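Next, two complexes with chain A in common: one pairs it with chain B, the other with chain C.
For the complex of A and B:
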């Protein structure tokens, strides 16, 4: 008899968790669904439910030069950031995982520090620094900022990968006559590939989406998030909804592709 | 691998160059925040605490600090309340549910923050789905103000930080030794008791890390107050941006930035201490 009410308690807590979980899902996903619906709205206001169906905001998105130009710039920035953040991160990860050296722990802490420093502080620091040393190359400045922001993620993911694989495999290759370079190319690199791909995806996403810190450094040309931000502040039509819908589609594609190549667990830890 | 002593330093050279550049800028900014500036923007000689006195002494600037803290703390709690059950279901449910939840959260994680806040604006606006429903069902006579105030900013922050909270707690729940739960059950504890006395205390490190990460993240929010507060509700980051880019007052912006950094880190330090004591207090006899 005593067990009965307690059993109800258990059912209640699990049920509550399920309800809260679905509520969370609804809370995070509903806005995106609304964005997608709004992008097909025929009227120029941001109405819900839509007044009629139309693709004219997609037309506006393609026609406006500011969007295609900033999208190209952001894509280009993200690609270069990815190349640098992944390769630099790989080198640092090798040092951190494979060597014991003076200042290793301090370095580890310093590398992760951009994660806890607020983005406005990072942006302000770079603006101030480049201003003082008269470095007015907007593109290069933003690139350096993005590599710095992506580096902690890249190093964390790649070193986790390096910690996991068995170093005996490298030793075996060497004892079988492979030289350093051959061992690196034929053993180390292929075994670190999933980590490198994950780091590359992280770096690309961080650079392509970064807004707050980048805002301090845009003078000559806007990046796509900055352009979207200023459009939201000045106009009130669903063009941003159609850009967002396109970006959501690309993001979903990227996630499904990542799941195929490296598995989603690598991103959530 | 190599036995050469200089190899690890050489490998770290590119990272160190970038981090060095950043820390040189950061230290330089800190130095500058102890300078007075004339209206033209030129720096005066000599050191002063004027900028800090101005920041903490003036009601006008202080008004950024308390609301920032208030909305950041409140949103962190709501994020935890929604995020913990989500993490629990993610780890302990079926593989299908797990995949579904992971993808839904990763879409958020991989999407532009500006776009996500824009999507919240579409929901909370006067023509948004909530106000449409309210007016249609005659619950209210007209649209009610859901954004351009603290509420709107809190909603945006909660949505923005959700993936961090869920993933942080989920990774702790994942690595938890489930034999303890089975042991509790086999010793006669029911599932409710098992959760309350075994699972919850053991997941405290995840809760602690989640709270710290999300609180730090919320305190430094810029986009959310800029779009969902739109001048009616500003946070410290908005103040720093304004000082630096609209007024070109680097010393004052720097003083604001370091005050924010130090205050947040002190808070996080005490939070960590409190959590550590709680985690140590958890013992199974």
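For the complex of A and C:
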């Protein structure tokens, strides 16, 4: 896709426009850059510009068991959340996009409601609920919360994909002898793949990053964001910056990877 | 190669009846066109045959076997969709091979069949392309190849040429017709283009508002439209209101306005004094320089408009306050080459060119 239609001439405003664009990009990425630079700081304060260079905070990050354990937990949570949010999201999207049924709009509204309700409220209601029914499974509780938080995104992305999907393709497959299952596996699924991958990444990131709502349900083991928060309440060294930098790298890697997969699939749209 | 029966098929949508007790037999090896304006029920008809819509009432039979509730993948019916519906994630080869793979065709014979149909439809060298890398005409061929390669007993075509430009469309009409003959495959073709239907079909069913208005060969439909809708929809018709003056054994004598008498072939029961609507094709009308001596079957008028179309030209001749008659002349029509607006002319036509329209 071209950013500008060729016929319109931006020559006069082009320079200003570029400056504005670059300033905006700078504004967005500057905090990240500062975090990355700080993570290599040799002194134990969160200084900018850094006083000397060192990798010792990365060492500290790896050595501290609390970080690696909570990172594992967060990772595990994010993976399972992704599986559930993507598959439930896919099925719900199919229902919402393809069928007209009683309560369809209400269902749609309920599923999307976590987008509007403040996370503090969501977290609190989950806490009340689980207390009430005496459900003390920290992991399961947080998992349910994360699935709920990821679903609206997953459904949004997948339905957008399904709305563009040409039903005639499924009919063509069926007229060629493919039964419903084969049609689904050979036509519907491959053509919805870009949406599914995007939804999976969203779900993963939402689960892995969530702090506010998760905080209410954490009582045995912390997730990584909660652990980071409790660490900076007591310590004030660039370890946090090292963790952040690592997370930035992982996220960027994830996005690049998906770009590659989805990018190759782009012609299917 | 099969016979398709539709018996009193009715399809209702919440706000409209898409098909209203439609009965139709499509013979073995026949090329039948379903022709009509949008919303007439023609697409619904082939979707019922294809198994994508279940009729609310009535029966669908292929080779006398009732298949109302059979899903599309158990029907042995091939379909070419309006915008081809090629699988965008599969190559030309993958698209064409899809149906054979569903039939668990052996690899060797699969490749042989696919390469045969690829040759047949001039798709050589495009096997590894993806649909978006093909031109509209090529996509159309792939869609056709994909449907034909599994050798279905019935082939359904939903406006398959609608997206092509005029020249390509005309080429494909002839090619498609040739292929259909060669395969001898029972084919149902949906189109809103009457020329296309006339060119390709063995028989045409003209549909309107969920009903078949007329079913017949292209020449029957064109030469003898049964009612005003058909006569209006197929080609251009001049429609005149005449009053029955006298009834002969084969022809009626009818009056136009208060002076001019015309001989019209009888059809149905038209008592003396009633008004009838009569359709006359523009190409059946000729200009004459002198009024006919016996004073019948001619009409004086004034040229209102001349439309030049290359091989033909059309004259709009005003014959009364309300009525204008379109006359089609071949180019060159030597002595009437110089026709001017406002000129007085006399027009005539053979009596048998008039068709009484029954409501």
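Just so it is clear, the second predicted complex is superposed on the first by the 239 of 269 C-alpha atoms of A that agree within 3 Å, B and C clash if a C-alpha of one lies under 4 Å from a C-alpha of the other, contacts with A are read in each partner's own complex, and residues count from 1 in each chain.
Here is the rule we go by: contacts are C-beta pairs under 8 Å (C-beta built on N, C-alpha and C of every residue); 3 or more make two chains touch, one makes a residue touch a chain.
Treat the numbers as computed from the prediction; the structure is a model and nothing was measured.
Asker: Putting chain B and chain C onto chain A via the overlay, clash or fit?
Answerer: fit
Asker: Is A:190 touching the first partner chain B, the second partner chain C, both, or neither of them?
Answerer: In the superposition, A:190 contacts chain C only.
Asker: Is chain A touched at more residues by chain B or by chain C?
Answerer: B
Asker: Considering only touches as defined above, state whether A:125 meets chain B (first), chain C (second), both or neither.
Answerer: first
Asker: Examine A:160 and indicate which partner it touches, taking first as chain B and second as chain C; both and neither are also allowed.
Answerer: Neither chain B nor chain C is touched by A:160.
Asker: Based on the superposed arrangement, let me know which partner A:80 touches: chain B (first), chain C (second), both, or neither?
Answerer: Neither partner.
Asker: According to the stated criteria, A:168 is in contact with first (chain B), second (chain C), both, or neither; which is it?
Answerer: Touch partner of A:168: chain C, not chain B.
Asker: Can you report the least C-alpha distance between chain B and chain C in the superposed arrangement, rounded to whole Å?
Answerer: Shortest inter-chain C-alpha distance (chain B to chain C): 9 Å.
Asker: For chain A, which residues belong to both interfaces, chain B and chain C?
Answerer: Touching chain B in the first complex and chain C in the second, residues 180, 267-269 of chain A appear in both lists.
Asker: Sort out for me which residues of chain C touch chain A in the complex.
Answerer: These residues of chain C touch chain A: 50-52, 71-73, 75, 77-79, 81-83, 85-89, 98-99, 102-103, 130, 132, 146-147, 150.
Asker: Sort out for me which residues of chain B touch chain A in the complex.
Answerer: Chain B reaches chain A through residues 1-2, 5, 7-9, 11-16, 18-19, 21-26, 28-29, 32, 81-83, 85-86, 88-90, 99, 101-116, 118-123, 125, 127-129, 132, 158-159, 162, 166-167, 170-171, 190-193, 195, 216, 219-220, 222-223, 226-227, 236-237, 240-241, 244-245, 250, 253-254, 257, 260-261, 264-265.
Asker: Under the stated contact criterion, what part of chain A meets chain C in this complex?
Answerer: 166, 168-169, 171-180, 182-183, 186-187, 190-191, 265, 267-269
Asker: In their shared complex, at which residues does chain A touch chain B?
Answerer: Contacts found on chain A: 3, 6-7, 9-10, 12-14, 16-18, 20-21, 23-25, 27-32, 34-35, 38, 45-49, 88-89, 91-92, 94-96, 98-99, 101, 104, 107, 110-111, 113-114, 116-122, 124-129, 132, 144, 147-148, 151, 155, 170, 180, 205, 208-209, 211-212, 215-216, 224-225, 228-229, 232-233, 240-241, 243-244, 247-248, 251-252, 254-256, 259, 264, 267-269.
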